[in-house]
Amino acid sequence: MELGLDVTERNGYAILAVRGEVDVYTAPRLRERLVELVSQGKHQIIVDLEGVDFLDSTGLGVLVGGLKRLRSHDGDLALVCTQHRILKVFEITGLTKVFSIHDSVDAAVGGE
Amino acid sequence: MELGLDVTERNGYAILAVRGEVDVYTAPRLRERLVELVSQGKHQIIVDLEGVDFLDSTGLGVLVGGLKRLRSHDGDLALVCTQHRILKVFEITGLTKVFSIHDSVDAAVGGE
Amino acid sequence: MGEAVELEIPARPEYIALVRLVVSSLASGRRVLADERVDDLKLAVSEACTNAIEAHTAVDVHDRVRVRCHEGDDRFHVSVDDRGEGFDPGSLPEHPPVTDPERLNFERGLGIPLIRTLVDEVAFDSGDDGTSVTMTLYCGRVGED
Amino acid sequence: MGEAVELEIPARPEYIALVRLVVSSLASGRRVLADERVDDLKLAVSEACTNAIEAHTAVDVHDRVRVRCHEGDDRFHVSVDDRGEGFDPGSLPEHPPVTDPERLNFERGLGIPLIRTLVDEVAFDSGDDGTSVTMTLYCGRVGED
């Protein structure tokens, strides 16, 4: 199973576009990529979840871990997500209150 | 599992376009449709297999049965198929010599 | 008996995607289940499989994990069985509220709350020789066929 | 043991599509198997399941049919087991040649010839208490992972 992880940069943000299924098998790759970005000094990260077909609690945990790591560097981890089935997972777990979730990368970069 | 079975007419031919997977579960529906067409007096039938994702020996059997039935009415059952994986099944079973197989409905109707 | 589909997978994370494929294929065959409910079940079953696999890994058991899908008249059941050491689902630690900055220290423990929310019924049957998690969706009336 | 995936389905035709889904998902996970070989295996396994289900129906047995997928070092094996009455694969009737007009009287009997042609090895183990058909594809060397 492939997990797509593409990084681009814009306005000082690192944008990590995730594609595929994020579960206990693939989440470690997402975690590694986030850790790598932070260690390269990227402290404003936007994770674009629009290409994600499935996200489980391990994936949520990796995102929470990333946010925590970035906060400790005075940074932030924001999300882009409009897919109902993915948003639902954040809602159920109360994590919509923990992350800022945007409708598009434009909106996230603009800081809306 | 859905099996698509659409009938159109052209130049005196009845064209039966099949979509989906033809296996022991769905093949009876294909058989019924063929029998129905024959009983409506359609004796020149073209079965278009371009939308078929999977075809097993039961599906082959139904096509052989249809051809036999049509021959007994001095009719014919021709096929349209360019998909390698479907053609392969006809080749292995020697049925490429039994059916006339065309590249397109146009070619089948034109009698090429 | 004869009406259930059973799938046994090696207790390794790379096989959970296959379980999701099987469950969603069977559940979406039920015309009465909306896509959203199929997604709910898929996630719940996936979480249960993750826990089952972790339970085997924890005690170094090499048995397979068993997933059983059973269609009742107006119910769709999936159970996930493991041979781990079991646990008490009634006494799991609670997370601090999401408004508490401490919340960020909890990257785990979201699986069972998700399962409980996503399916209409869940039963945990856990003991020293393993755990069975049975998840049920209500389907309304099933079409003929 | 722990490395095989096992699927048990009710002995009914509507479940064969699920077997194809599982087999092709597992087989296409092997980067070394070309799509065409995955299709070959899918058809062979589908034919074996059709026969297994017919064997159960013939003797009114309500047991499930079992499909087992096992990855060896450079082999991919699938076996289909039933509890029908068995048969002798060595003495099946032959079809008239395709050029013979009589050929049109044979709508059946294509399954086993297809299986034999599509896979690299096939073994039939059949007796009074059932049949096991094991189909093998050669994969060349498997990628790391």
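A, B, C and D label the chains in the order they appear, each numbered from 1.
Quick note on the criterion: a residue touches a chain if its C-beta (ideal position, glycine included) is under 8 Å from a C-beta of that chain, and two chains touch if they have at least 3 such contacts.
Treat the numbers as computed from the prediction; the structure is a model and nothing was measured.
Asker: Using direct touches as single steps, what is the fewest number of steps from subunit A over to subunit C?
Answerer: 1
Asker: Among the chains here, which has the CA centroid at the largest distance from subunit C's centroid?
Answerer: Computed centres place B farthest from subunit C.
Asker: Where the CA atoms of subunit A average out and where those of subunit D average out, how many Å apart are those spots?
Answerer: 43
Asker: What is the distance in Å between the mean C-alpha positions of subunit B and subunit D?
Answerer: Distance between chain centres: 25 Å.
Asker: Between subunit A and subunit B, tell me the centre distance in angstrom, where each centre is the average of that chain's C-alpha atoms.
Answerer: 50
Asker: Which residue numbers or ranges of subunit C touch two or more of the other chains?
Answerer: Correct list: 17.
Asker: Please output the residue numbers of subunit A that touch at least 2 other chains, ranges allowed.
Answerer: 1
Asker: Could you run through all the chain pairs that touch each other?
Answerer: Inter-chain contacts occur between A-C, B-D, C-D.
Asker: Would you mind writing out the residues of subunit D in touch with subunit C in their complex?
Answerer: Contact set of subunit D toward subunit C: 1-11, 15, 17-18, 21-22, 25-26, 62-64.
Asker: Which subunit C residues qualify as touching subunit A in the complex?
Answerer: Per the stated touch rule, the residues are 13-14, 16-17, 20, 36, 39, 42-43, 46-47, 50, 53, 97-99, 103-108, 110-111, 113-114, 117-118.
Asker: Where on subunit B does subunit D make contact in their complex?
Answerer: 1, 21, 23-25, 54, 56-58, 60-62, 64-65, 67-68, 71, 84-85, 89, 92-95, 97-98
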